[in-house]
Structure formats: C-alpha cells, structure tokens
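Note that the chains are named A, B, C and D in the order they appear, and that numbering of residues resets to 1 at the start of each chain.
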Amino acid sequence: MRMSPASLPRRALAEFTGTAALVAVIVGSGIRADALSQDIGVRLLANALASAIGLGLLIALIGPLSGAHFNPVVTLSEWWSGRPRRGGRDALAYLAAQLAGAVAGALLAEAMFGRAPGAALATEQRAEPHLLLGEAVATAGLVLVVQGLRRVGRPSLAPVAVAGYIGAAIWFTSSGSFANPAATVGRAFSDSFTGIAPGSVPAFAAAQLTGMLLGMGLAGVLYGTERAAAEPNAADSRRTV
Amino acid sequence: MRMSPASLPRRALAEFTGTAALVAVIVGSGIRADALSQDIGVRLLANALASAIGLGLLIALIGPLSGAHFNPVVTLSEWWSGRPRRGGRDALAYLAAQLAGAVAGALLAEAMFGRAPGAALATEQRAEPHLLLGEAVATAGLVLVVQGLRRVGRPSLAPVAVAGYIGAAIWFTSSGSFANPAATVGRAFSDSFTGIAPGSVPAFAAAQLTGMLLGMGLAGVLYGTERAAAEPNAADSRRTV
Amino acid sequence: MRMSPASLPRRALAEFTGTAALVAVIVGSGIRADALSQDIGVRLLANALASAIGLGLLIALIGPLSGAHFNPVVTLSEWWSGRPRRGGRDALAYLAAQLAGAVAGALLAEAMFGRAPGAALATEQRAEPHLLLGEAVATAGLVLVVQGLRRVGRPSLAPVAVAGYIGAAIWFTSSGSFANPAATVGRAFSDSFTGIAPGSVPAFAAAQLTGMLLGMGLAGVLYGTERAAAEPNAADSRRTV
Amino acid sequence: MRMSPASLPRRALAEFTGTAALVAVIVGSGIRADALSQDIGVRLLANALASAIGLGLLIALIGPLSGAHFNPVVTLSEWWSGRPRRGGRDALAYLAAQLAGAVAGALLAEAMFGRAPGAALATEQRAEPHLLLGEAVATAGLVLVVQGLRRVGRPSLAPVAVAGYIGAAIWFTSSGSFANPAATVGRAFSDSFTGIAPGSVPAFAAAQLTGMLLGMGLAGVLYGTERAAAEPNAADSRRTV
C-alpha cells in the first residue's frame, strides 16, 4: 500500500517514536541480558538478537510513514543523495526528532527496569582508536546496505537486511556497531551494558560520519554514479516499503 | 487461499487449540531450558526462540480459520475497532476458548515433563511496579504491531512480525512480555520457569489492558483514524493470512 | 519450476540422500556441540539451529524431486491421505530409502568426527512414559504443520515452517522431538549427544505413529474433511515446492 | 532489476570487496566472541550467526554485480559448468580478486581489534584426516546447494539458502566448514579463533576441491545432466539475483 505522503510533523513524530522504541529495545535488552547471564557472550547474543528484530519491525511499520531513518547518518546520506527530494528543513526536523526520541527511549528503558531515569550517565569509555575504526567500518557497511539495496532494486528487503546487518555488525566490529549518532547520544543516558560515556560520544559521532562518507564512496565505486543507474521505479522507493 | 468463513464453534475450537499449543510451547520450553542450562540467559534465549517460532507457526496455520488471536487483548482490540464486523457474542466465545486453551496447554506441558498437572500453582511473584510498566509497554507494542501491519497494508507478514516481536519483547521488557491475559492465567498453573503466582495475575492483566489502550492510541496517532485509511482490500485481511 | 515427474528409483535415491544428510546434520552438530560447550542448554541451542536449518534446506532442494519426506511418518500420512496418488510400492521404496539413509548419515557423522563408524551403539535410554508423551505430541504437531500448510494453501512455506517447527519442538517437548522413525533408527548408531539406545527405539516409534494418528485427526477436526476443501491447485502441491 | 552487465574490472572489484568483507566478518566476529565468552560453544554460535548473516547480505548486494562468488570453489564449479559463458580469463581474475580480498579482510579485522595486521600468522593446526573429511563434506554440500537452487529454479533464494547452509555447516562438520580456499588463505593471516596454520592450508584446499567434485557429481546424479534440464529462464540466473 502506498500511503499518501504524510505531513512533516507526522513524519517527525514517526521518527521520534521509532527512534525511541529502537533505543528502548537496545538499552532494555542490554540491561536484562546483563542481569540474567553470567557470560558476556550470551548477553551480547541476546542483546544483538533483540536489537536486530526490533529494528527490522520498526522499519517495516514506520517505513511507509517517514522512511524509517531513526538515524542521522541515514537522514544525512539520503539528503546528500537528494532523497527524498526535500529541502534541509525536513532533514533538520528528522535529526531533532531522532535525538529527542533516542533520549526518551533510553529513559523509558531505565524506568522499565526500576532504575531512576536520568539519575546516572553512562561511564563506559569507548573512544579508543581501534574502536573508532570499528565504528567507521560499521557505519560504512550500514550505508552500503541501505544504498546498495536501492541500487540493486531491492529496497523492500530493508527490514530484514538492515536488521540482519546490525545484528551481525554488533559481533564483527570491535565497537559494537552503534552506527547511529542519535542512538549514541541516547545510550549516554543509561549507565548499563549498552551505555557509552558522554566523553566518548563526540569521537564516536565523528567516526560514524567518516564511515558514512566511506560507505557512500564505496557504493559509488561499486554501483557507479547514482544518476547512471537511476530508474523511475527505483526512485524514492524506500518510503513505500 | 481465502477459506470459506468458519462457523463460530469451529473458530472457537481453533482458538482453543492454538492457545493451548502456544502455552504448551512457552511453558514446555521454559521447563526444558531450566533443566538443561546453568545460565539464566541461555534459558531465556531458548525459551524466547521456541515461543516466537511456535507463535508464528500457529498464526500461519490457524489465521485462516479464526484470525489466530490466541489473546484476549487482540480479540478486544479487534472487537473495539469493529473487526471482524461481528457482535460481542463472538468476542465472548473467543475469550472463553482462549482461557480454557491456555490452562489446558499449561497442564499438557506439565504432563510432558513428568510433573503432576495441576498439582502446584506458580509461586513466582511478579507484580512489582516496574514490571507492570514493562508489561504495559510490551502489550502496547504488540497492539501496535498487529494494527500497524494492517495500516501499512502488510497483514500477511503477521506470522513473522508478531513472532519476532514477542521474541524480542521477552528480552527488552522487564516483565518478560506475557502481553496476553489468557496466557498469564495459564502460566499460573505451572510452577516453573515461565510461571506467575496467581496473586500477580490481576495486576498483570490490568497492565496488559492499559497497554492495549496505549497501543491503540499510539496507532491512531501514528497512522491517523482508521476510517480515513480504510480500503476495501485491507478490511478484515488478517483472517485470510 | 515444475520438474518432470522423476522415476521411482530417482525419487528413492533423493529420499536416501536427503535422509542421510539430515541425520548427518543432527548427529554431527550434536557431537560438535557436546565437545565445545560446557552448558547443555548451549549444546541444544546449537544442535537445534543446525538441525532446523539443514532440514529446511533439504526440503527446498529435494522437495521438487521426491516431495522431501525423509520421514516414514510423513510418507505414511501422505499415503493414507492418498497423496501423491500412488500405490503402496512407492511408499515401501520410500521407507526403505529413509531407513538406509538414516543409518548411512549417522555413520558419516561418526567418521567426520574421528570416531569408528558403527563401533558403538547409543546407550542413552529414553523410553520413559512422559518422554513418549512428548514424542507423540511432537509428531502430532509435525503432521499438523505438514497437512495444515496444504489445507491453508501455503505448501510453499514448508521449508521454513517445518524447519521452524522442528527447531522449536526440540525445546518444547520433553523428548527432544525426534518425530521420525527412520531418524530414530539412525540415531541408535551413534553413541553421542543425539543418540538413543536401541532398546528405546520401538517405544519411540510407537509413540511417533500414535502421534501421527493424533495429528491427522486434529487436522481433520480443525480443517474439515480433506475432500471438502480440495481444490485443483492445492492437490499434490508439496512436490512442486 | 537486471543490471547491465558489468565490465570485468568492476566485477573483479566487486569480488575483491565482497570477499574482503566476508573474511572481515568471519575473523572479526571470531576475535570478538573469543574475547567475550567463556564457553567455546557460545563463541561458535555468535561466530556462525554473524558469518551466515554477513554472507547472505553480501550475496544479495553483490550478486547482481559479479554473481557473488567470493569463493574459488564456486567460480571453478560455475566455470566448469559453463556458467556464466565466459572464458578462463574471467575465472582467473575472479580467483585473484578473491585471494587478495580474503587477505585484506583478515588484516582489516586484525586492525579493528587493535592487533598489528600481519604481525602473526595463525598457529592452529587443522590438517587431521577426519577434519579433511569434514571439509570435503562441507564443500560438497555448498556446491550442492548452489547448483541445486538453480536446478530447482530457485536461484533467488541464494542469499538465504547459502547463508543458512554455512551457518549450519559450521556446526555439523568437524572442520568448521571453511569450504572456501580463498577464505582459508585469508584466515591464515589472523592468529585467532577462526585462524588456520599456513601448514594446514594446502590440505584444506585439496579437501575443498575434492568436495567440489563430489558435490558436482552428486548434483548430477540427483538432478540429471544439466543439459537435459536446462531451460532458457534458468540459464545464468544467479547473476540476476
């Protein structure tokens, strides 16, 4: 079903809701796994599975409303590519909604687990050089998946493919694959398994933006310039997942 | 294949069978996981995977017969939305079948694992405030998934999406995501990994109904009023999964 | 692609190969998991995942050749229902191929793991009453899934649905869900994690056949008599997965 | 979307990139799992899940560019079968790209985890006879899956089926199912969980080539000679996944 284009406030609300739900899933499953398992590997398995499934569902449910970005990297790379063909005002509204949603989601997770929301910021330092390399790789891969699906004409696979990518990248990168500046900010508000100390956030965001550019470049090299491959039925197709 | 509409007794039998099988899967896999693993995280991974797959299969197999509710929250929210366009008699028959099925399923699981069915009620107290918040969130999300799939025109994804949702929500909520008053009652009849003390059942059911209302409200805010988006081919589509 | 009907010898060879591969996957992954993990729950998770995926792939690859039964319960229930419309000679050839394949697969697994094939029969006694109840439930569910998929017009889902069912049933039944007399015989030839003592095989096979009848009866009650629902395009559809 | 045929250099670049990403996923997730879990079974579960998902995504994204071989066994067996109908020059370019990519991917994984890339070759000896049997079985199965999907007219399932196969084969074979001479060479460059000592590489490659021949023979026996079953719409279909 192609839904009629939603107004910007409704789309921003969809981005807020989706990002909040995503971060609540990531942080909540992390807290629960941390409490239940003695083995860090088991904790991360549970956290990765829940996060991947949650992300996939949210893309399927909210994609037709706002495109289901939930991530400034996706919004910026789509805006950079001229998709959807809207101005910077839309992009700014998306970024604001994503940031607010990410913080709200982290606080909701804290409340669900009986912790005082906002009482403690995260203390886990993560800004080591090799972790930043991992984070750049994770984000480059995410951008390559999102753009590649469109370039091979399979944007409808986004819910499964993006979910699978994040579930795998949590394991194959050294950084745990945040790959999302908004979620990174949100995760600074929970001192738990998936938290990140506020002091590490700027470096992570910089690595993510670097990875975004790498991913866009790699997509260009592999698939050629977008204009050459553009076809009417492929244009803007992610919004009609 | 659109099956010819089944009679109410046949549909109620389908709800009884499906709910019994669902609760037998949840309780049975919980007992087995509890016996086999030393790590609570591993137990919950196995229990979540088996429960999610079982639920997805049952929706695929029984959806064409009765709509595959297996859950008073689904029946009530569908009845509230005027779907399927039937009176309260159908809803009452569904609720009775679900409750009876849930208890039967729990007793079957007990018997399969060599425990005297009905000999002991569950002793796990679960009515803490933050768990009730978790349960409301879990149920709101379930309703949002069910209604959202219809609103975005993808009801055929219900087996995979609802299964995935429950598998993830078992991890990201603090309560373990019962999200089903009938299954909650059934789980009171097994003093095991997935049990719930009878004294906690009313509070859980209240949290679930609250979550149902939250989920319906959130769906309305995100997707607009149902009437506006209604299309002939989307109406009542879940029954023809 | 609808393949031209294969000759009986070719179909029997397909059943032999598929059953051998299935049992090699079950027994092999059990031996490996047993060697690698300290936790029985983790072992069964790995064994269940590998077995489910292997079964699903084999159904997808061999379904178009022989129907991908790999299991006397499936062959007998299909023969009983008059599907495919062939005589008892075909069914007997299938049963013989399945039994021989199951033993060959167990011996291949033993050889792959550096154990002398056939040197030791299994020693794990499994014929307790509650395990036999579990095995009957497991087999009834399998038959219900196979027949239900056809009755709701979704036989093409068999690879995913049957695989998912077995993966879940390994957890929610007390018996580990052999649900297959041929595989049960094969597993008697490996004294390992998934083995079964020869003395327990007859009771397991009896429980499986009982479960088959229960499953056929339950399918009849839920979906009505097959004749009433038969449609041309649903007939014999499993062979053209 | 059927993409216009890419030039050989672009296809070789796609093979390089895909093989590098695949080996980075395998080696990276192995290093991370090794660091996080106390239980070897949990480590292998995480490593198998990440590797399978990564492979499936890469086949979906790069299949339309180069066929997504990432593996000399696939390139050779396709070339042997006359698919795609190109000369040996293409096959040689693919093999070179795969080998270079595999080494690059291993070094990237090492760097992501703060280890000096190339500082240490793997030390894990794996050339025992029963492991070589396991590796031959693993590779035969992979070839059977790839060729079987085409023979039953389902090449579009390759991303899910090949991914699932590798995820399962990591468990059901004794060797861990490298099943890829290029990845085997790459894994010699990382002294970690998924490494293989250089001295074991030749025996593994020989076992893999033997398995390739076994798989091609088995596919011929099961499905008949390719010529007999060839249909226009099935020809060369994997490149248009």
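General observations
Keep in mind that, in the parts below, a residue touches a chain if its C-beta (ideal position, glycine included) is under 8 Å from a C-beta of that chain, and two chains touch if they have at least 3 such contacts.
Worth saying up front: this structure is predicted, and the values here are computed from it rather than measured.
Any chain that touches chain A and also touches chain C is listed here: B, D.
Of all chains in the assembly, none touches chain A and also chain D. Between chain C and chain D, two chains of identical sequence, the interface residue sets overlap only in part, with shared numbers making up under half of the total. Per-chain CA centroids place chain B at a distance of 41 Å from chain D.
Centre-to-centre separation between chain B and chain C, using Cα means, comes to 29 Å. Residues of chain B in contact with at least two other chains: 39, 42, 45. Remark: chain A residues 39-42, 44-45, 128-130, 133-134, 137, 141, 144-145, 148-149, 152-154, 157, 161, 164-165, 167-168, 171-174, 218, 221-223, 229, 231, 234 touch chain D in the complex. Touching chain B in their complex are the following residues of chain A: 1, 3, 10, 13-14, 17, 21, 24-26, 28-29, 32-33, 36-39, 42-43, 45-47, 49-50, 53-54, 56-57, 60-65, 108-109, 111-114.
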